[in-house]
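The following blocks contain the structures, represented as structure tokens.
Both of the next two complexes hold subunit A, though its partner changes from subunit B to subunit C.
So, the complex of A and B:
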């Protein structure tokens, strides 16, 4: 039952995430085996469908386990909380042609302040620790394409096979998630030595052991204003030597228009990755072979249907960005790298290429400048955006007619360049100027 | 007659000797104060230079664009310059304190004024420096935001922001120093007003279409057909 004794040593500020009303709800639930968190904010349109998928998944694959669905809400103005409350299975009842053997409580809490993934995850962690959940999964409320299999694929490796963190693998279009494939995945892989395809996971699962580790360590004291929490968790698992697993979840939905906001996406991912290098210096500065991560299903799945993309605009944005930001780039990049970037900015559109090696040097120099705070750190992240557009333009051009395998080979070549030039990052990192 | 002259001379000599005897200790006290002041000022200079190096003041100065400005004027680095300013102000203060010991009539009022003026001088320097820091930060933020939003003329926007903030800081500093207060305030009001009016006219006439597009994008989001498939970076 809801034993409060073990929360006393809890590393988080419990009072800020566990309100009296929320605690009462948790105590009435008692200890559970599985916990599924669905953080929401004005998600009434989609959360019902997602919760239905989770319920069916839990009833189908974990009928005998004690489970709870938890909804930390960032102060929704729509009917999100009512939709969540209605999803509870209070008595033995028929649901989606399946009979529940146990009750399936669905509890919701509103946390103070603005909607933030970090607070939502802290709420889930605190609740999971209190309820002694053996496995927890986080599912995005926008995952309307969720199938019952998702719950099994996310929770089984943790609950039955003792893995600590399960990250997803999605079916994507070959031109989707380019920041991940051109920077986040290759750089994370080169530095932390684990081939985790989606280091920034919106859907994932974690063990009780890893949850406690997160609670104890100060991953929450992030200077970047609490963004990129999911990425910090993945990095914490990689650097902490926890058992990782990947699971194929099908097509990635993109309902949120803000996911196309490049600078916001860079703050969440690149900012977090750069920030993580300081506390984990001892780990990543050692040269190690990269390891593949056990995966259920396809390790990558790229679709190639034609899409209309304005490549010319990317090229123009790169050129104007390099020109306009010259004084800013001068304080971030070394003179030879800046000269090379300025050199390719003058090349005609059809002949333009941002070579792998130059891109890797650019990324590493940005990381070391971030470490040295040569200018405001957020400005460093923003200054990378125009250069990234140049790399994306090259990627689109090189892979215009490429098959999924050819695209994958191109990404692999970039990953190897990141790995080969890792000493360059260390040199820059340790350089006094 | 001769005796009278000798007597007057003797009296004058005695007066001079008495005056000199009276002044000499004060002169010595002044010299000691000046020497002590030099030592204190030097120690303060060295300490301040060390502290500024520890807090990486030169880096802050680089970011603010002050170093660039000082280089153009063939002046030393910001931390060195600030240390020297503190040295001279402190030493000058001690010298004036010593001069005050001499008891020269009329000079004391000026010395008091100087000491009363010192805090205003430091506040003015503080305002100018942080004005430059703020100008650099906000102009860079505007430049990056404009470049990433693909706005026209990001450099013009950034330079305008920098100029306005610097102008504002310099006006405040002059007001603090009490130098041509009215002229400066009036000049600032005219310059600022002219700039704003110019921008308003320029945006109103030249940017009608841009404003229309912006408002349409802002408020008629749903009515617009996406021309291209947007690539999600994540």
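So, the complex of A and C:
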């Protein structure tokens, strides 16, 4: 779902998700054991391959279970919906590659407005509730690297072992997922006490129980307007005491992101993480040991083949950002922290480092400023971007020749710093200024 | 009442399958017989059936429930005499009930005089009546049917010190149909019974008549030649008689047994039956649709024979491994319920004694294209005894009443050919004809009603079928049509209530008349026709343009 643009300021009631046509399709499907959601928007090029992987996975690993593939579509102009409809297995359409014991319906619905992750997920949740699905999985339509065992790895922990939320673990290049490893994972882990490696996942699975919880809770009324749905969901599971599980899904394809993508990604992840601190204060403000999450397969699997990275640009963006945003940063950061940041901004590129402790203090101070809305919250998120680039520069430099284990040790050190300094966040959170 | 003259009577028939031994003991020796069966013809007439299929009643050592015949022209003494049979036949015909008898063409008992002669010496004139070999290496790779008991299709005969071919038990040597004398003799046997007046034969195990090296020894062209010759002789000498093929094969392999309408009149549709059970358990019409879509068209005079249960195990030969595993897990959790490649259980226990499911399965049996066969006792929901050996658990005495020996026999219980069912759920005090006759809501009463509804029109026996494909895959719907008459059948395979929209635009303007209550339903218009159905409910609607 990460490929879908968000829309701002929408309000949905059930009737806008459950159109008459969609309801008729659901009536025809009836009660199911398993539901796989594939949200799309102009995904015709890739969704066929993804659906094929899902179909084979369902037929191979869950041949007896009642299953449905559900496609909430954000108004595709290409042939996405036709491709989806053709993936059904019934008495008119057969599976050419595997024998199907029972019907496997593929149904599709177009939701109103612009394509939005949140509406798609709400559609899946509404359908899952009506169909009484015991386990649901969400798979990105771009997951053309899907193998049938993904379906088993996502759904089995929920369907057979009573876990509530299954998040993925991917094999990544050591320089992929940098926002995740330098901020999202360590901070989420420190605050919510669960070592969920991919709290912002595009492939995941959840239980009927957790789905009902999501439907009922007010996470959908996020002031930012529907961004970071997956992140909010993971946080809701952690804070709600639901049973978490991680499952290895193989190599994560690397997607090149532009600078603009970074801010958008930060809105969805960092913005959501900061936003979540208010409703969950009672939970995260208690000091607790972090817990590992049961995982199928490797918890971290890094590849280290050489890649070209333009570190210099990151250094420049950090320096110029600290300079240009000085008034903004002054309203967000404490004086000592700002001074330290400004101090390292003067260091020559070869000697430049953004130390863990300074970075953690930076992140925590941004979070507390977000809470206090010292300035427009979106501006706070945008202001973090250049500082994050400085941290990324440091990460790339320090891990230039590092092995996977060494990179992991570095990330672990950062995590421990986030955990150690958690009281600092509370102090800032409660401070009057 | 007399028999009609319609040569296609078998298309409209409701066949009742019974073993003489199991139905009613008229002599008081603990074994059912023809006198007893004749006593119960009024019951069968009242039930509404129009034909009886009798399992083998010929002299036999009974090592395979009579399918090991030792004399083709007589009656096993336990069941009476040939005169008893003739009397029974006349009585049945007087009640409008035709009689189909079993004819085991493929093999005899090893106690049959023909085999005794054949084995006696290599020079005996009947030596070539069976398939002999000096080695057991011929026809290698041909499948063994009774896997639980046999390890080879060859058995060494200690008398003639050579091997004889047997596709079934080793005490059932296969006849050699390459020998013209055998073919002539078997026609002579059939002629014997046709002249007495039987209305048809169920020809047992027909795919296996001829053997050829390098083949599966099943469904060979030479076998079809033999069968066509028999049919030709039948048509030349007897009118209105019928041949029914027992060939447990895939529909495409079965199709040649109809020839061009010049081989069998009817054949069992074996693969459909397990898929009906599968569809019901899966709550999904797909398995049923899959097999029906694979079923080829057959010549006009021909007909499929449909059944839910019979004297054998619920055979799972004609299913995939995945389907077989599913059927075992869902219908035969206790391994004692399994035998060979199948499940040895009756209809009611298979369906957890759920009246709704029993009715739905019978509703499909009566409305899908073909002639339905009811296995004795299933009309009252009799149970089984999986602790009896082989398939004897589904061959226990008919339960007539709650009294002595269930009304089956006046003999001492110890002398009955089989123990009665005694458990609290299916035992004869709880499940018997007498008790069910007293209630208008019993399964027996319901079976009479559905048989009557089926017989009220020829559309089920002779009509075409058009499947509807509603999006709700839990609903199996089709229209049966014969000339201007059309019946819409809608089956809810689900354990929960369902809504279904049917595309009936082709029948726009018709009103629906429900065939049991005769209530009318709204007229068909341009919109999808919406029906709501209770769990396992089914409807038969006449489409009437009024």
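We adopt the following convention: the second predicted complex is superposed on the first by the 409 of 433 C-alpha atoms of A that agree within 3 Å, B and C clash if a C-alpha of one lies under 4 Å from a C-alpha of the other, contacts with A are read in each partner's own complex, and residues count from 1 in each chain.
The rule is simple: a contact is a pair of C-beta atoms (placed from the backbone, for glycine too) under 8 Å apart; a residue touches a chain by one contact, two chains touch by 3 or more.
Here the structure is a predicted model, which means the values were calculated and not measured.
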Which superposed partner A:211 touches (first subunit B, second subunit C, both, neither): neither
Which superposed partner A:63 touches (first subunit B, second subunit C, both, neither): second
Touched partner set for A:28, first subunit B, second subunit C, both or neither: second
Contacts of A:39 with subunit B and subunit C, given as first, second, both or neither: neither
Subunit A residues touched by each partner, larger count belonging to subunit B or subunit C: B
Partner chain in contact with A:383 - subunit B first, subunit C second, else both or neither: first
First, second, both or neither for A:102, with subunit B first and subunit C second: second
Doubly contacted subunit A residues - partners subunit C and subunit B: none
Residues of subunit A defined as touching subunit C within the complex: 24-25, 27-28, 30-31, 63-64, 66, 89-92, 99-103, 105
Subunit A-facing residues of subunit C, complex: 278, 282-287, 289-290, 293, 320, 322-323, 326, 467, 469-474, 494, 496, 498-501
In the complex, subunit A residues that touch subunit B: 175-180, 200, 254, 259-260, 262-263, 265-266, 268-269, 307-310, 313, 317, 320-321, 324-325, 328, 331, 374-376, 379, 382-383, 385-386, 392
Parts of subunit B lying in touch with subunit A, wherever the complex brings them together: 59, 62-63, 137, 140-141, 143-145, 147-148, 150, 154-155, 227-234
